[in-house]
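Going in written order, the chains are labelled A, B, C and D, and every chain counts its residues from 1.
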Amino acid sequence: MTHQSEINNDAGGTLGRNTWVFSAGFAPSQSTGFEPDFTSRNTLCLLNTGDREACVRLTVYYDDAEPVGPYEIAVGARRVKHQRINDLIEPEAVYLDKPYGVVIDSDEPVVAQLYYLDSRDGNLAVSHLNPAPLP
Amino acid sequence: MTHQSEINNDAGGTLGRNTWVFSAGFAPSQSTGFEPDFTSRNTLCLLNTGDREACVRLTVYYDDAEPVGPYEIAVGARRVKHQRINDLIEPEAVYLDKPYGVVIDSDEPVVAQLYYLDSRDGNLAVSHLNPAPLP
Amino acid sequence: MTHQSEINNDAGGTLGRNTWVFSAGFAPSQSTGFEPDFTSRNTLCLLNTGDREACVRLTVYYDDAEPVGPYEIAVGARRVKHQRINDLIEPEAVYLDKPYGVVIDSDEPVVAQLYYLDSRDGNLAVSHLNPAPLP
Amino acid sequence: MTHQSEINNDAGGTLGRNTWVFSAGFAPSQSTGFEPDFTSRNTLCLLNTGDREACVRLTVYYDDAEPVGPYEIAVGARRVKHQRINDLIEPEAVYLDKPYGVVIDSDEPVVAQLYYLDSRDGNLAVSHLNPAPLP
């Protein structure tokens, strides 16, 4: 066995990339069921396996307006952070019921995955999505 | 902090690829619930982070006929576009209730992800899919 | 505009890989609703953008027995094929209600994505999955 | 036809990687319907196509505490193993109802994909997710 010991303390071992991108953003304004558990949403799931806090900045792209950003999210060293995009309000609230894309730019390597929950129709529908597989 | 500033104005910084491919296309003809929100569909989610409009051309592959295309979709500079494949009618309407694959060929790098909504059965089912991870 | 014209006739342009792999295979034996539309299943979505028929061979891995295969699937030139894994019976029926993994080995480059439909519980649940992102 | 024969006996042919990572972990404590089929969960789907048993070690990252691990999972040669993360109890039970990320570190190349089932709301919602596309 040749396990990579102490994976998150290895100098070159921080997992992830500095840039990620999603084109399939969407958060419905309508929900059914208990809040906040069943609130329709897009949640950005960030993981920082490194030993330094990461400052993650998002730029949000719309279909009818110039991009908005940066939205700043801090992710502590050796921490995960699941950030509802619906809850981002600075520099302005992310629009609901509108298609968007998002570029993620972090000063430290992080992992980013997107979670979608849709309870508009009286039942729970969920989906997960990786960022686009960039070269 | 060493953020990549003005990510979408960087000459080499346009995110994405010129070619993407999906093999799992399918759009049911049946739906339940409010239209157009709950119309069963495949939606192609395109993001152009660059400073030039992208002309995206789709070729649709079937299981019993020659490929059809190109379907042309314009995506503005610094814009996202969520295009329902069901709504593409030129050169001919994409078939419903039939398996298809789609090759995406863009003159500018773009990001492409696929969204699937299925309301046939009286409830909402959703899924997201990245293009195949090409070498 | 510098579109890649006649993408599927280009000698070096066949999209995909010869080998793909999934570890999350599972097909429930129970279903509700109309068959075959709402039959619980795993569907392997294959796309061959090339000009030669592809012979795709699957090897199925279980958690309590040696791998079984090859299962052979022909995918015509410039065709998609959505194959329900539940329907594969040679050399033996793929087990329902059991975890499996599948290795895909094709003589021509193809694209492979997996579709999951689960109607066991009286509603429709769906998901799509790419093959693992191999190096 | 140039099939890669005996794919899992080829010395260099073991499919997968030694390290994978997910940031979108979450397992609800609530469920409806028959157990264990419809128990809300995250299931880690591991495939070992090689000829040696793999020792897979997980490190789980939280949003408010130091990472916990290793959790050890053995995956036999030429076997798949679908491990509910909810069922991991050594060195301590993985928290329910809390966001987590997971780093997978195996002594042999394996394939890892994540399955999510959510039955909290009286219906079945499912999703599949690949590990992040690392460079």
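Things to note:
Please note the rule applied: a residue touches a chain if its C-beta (ideal position, glycine included) is under 8 Å from a C-beta of that chain, and two chains touch if they have at least 3 such contacts.
If you want to know which protein each chain is, UniProt gives these names: A, B, C, D = Sensory rhodopsin transducer.
Predicted model, so just to flag it, every value in this text is computed and none were measured.
The interface at A-D recurs elsewhere; of B-D, A-C or C-D, the pair that shares more than half of its residue-numbered contact pairs is C-D.
Rotation relating chain B (Sensory rhodopsin transducer) to chain C (Sensory rhodopsin transducer), from a C-alpha superposition: 90°, rounded in steps of 5. At the interface between chain A (Sensory rhodopsin transducer) and chain B (Sensory rhodopsin transducer), two copies of one sequence, fewer than half of the residue numbers in use are shared by both copies.
Chain centre most remote from that of chain B (Sensory rhodopsin transducer): D (centre = mean of CA atoms).
Distance between chain A (Sensory rhodopsin transducer) and chain B (Sensory rhodopsin transducer), defined via averaged C-alpha coordinates, is recorded as 21 Å.
Taking the mean of the C-alpha atoms as each chain's centre, chain A (Sensory rhodopsin transducer) and chain C (Sensory rhodopsin transducer) sit 29 Å apart. For chain D (Sensory rhodopsin transducer), the set of residues that touch two or more other chains comprises 114, 123, 125-130, 133-134. Within the complex formed with chain B (Sensory rhodopsin transducer), the residues of chain D (Sensory rhodopsin transducer) that make contact are 123, 127, 130, 133. Across the complex, chain D (Sensory rhodopsin transducer) meets chain A (Sensory rhodopsin transducer) through its residues 18-19, 21-26, 55, 57, 59, 61-64, 66-67, 99-101, 103, 105, 107, 114, 116, 118, 120-123, 125-130, 132-135.
Residues of chain B (Sensory rhodopsin transducer) touching chain A (Sensory rhodopsin transducer) in their complex: 1-4, 7-8, 15-17, 33, 37-38, 45-47, 49, 78-82, 110-115, 119, 123-131, 133-134.
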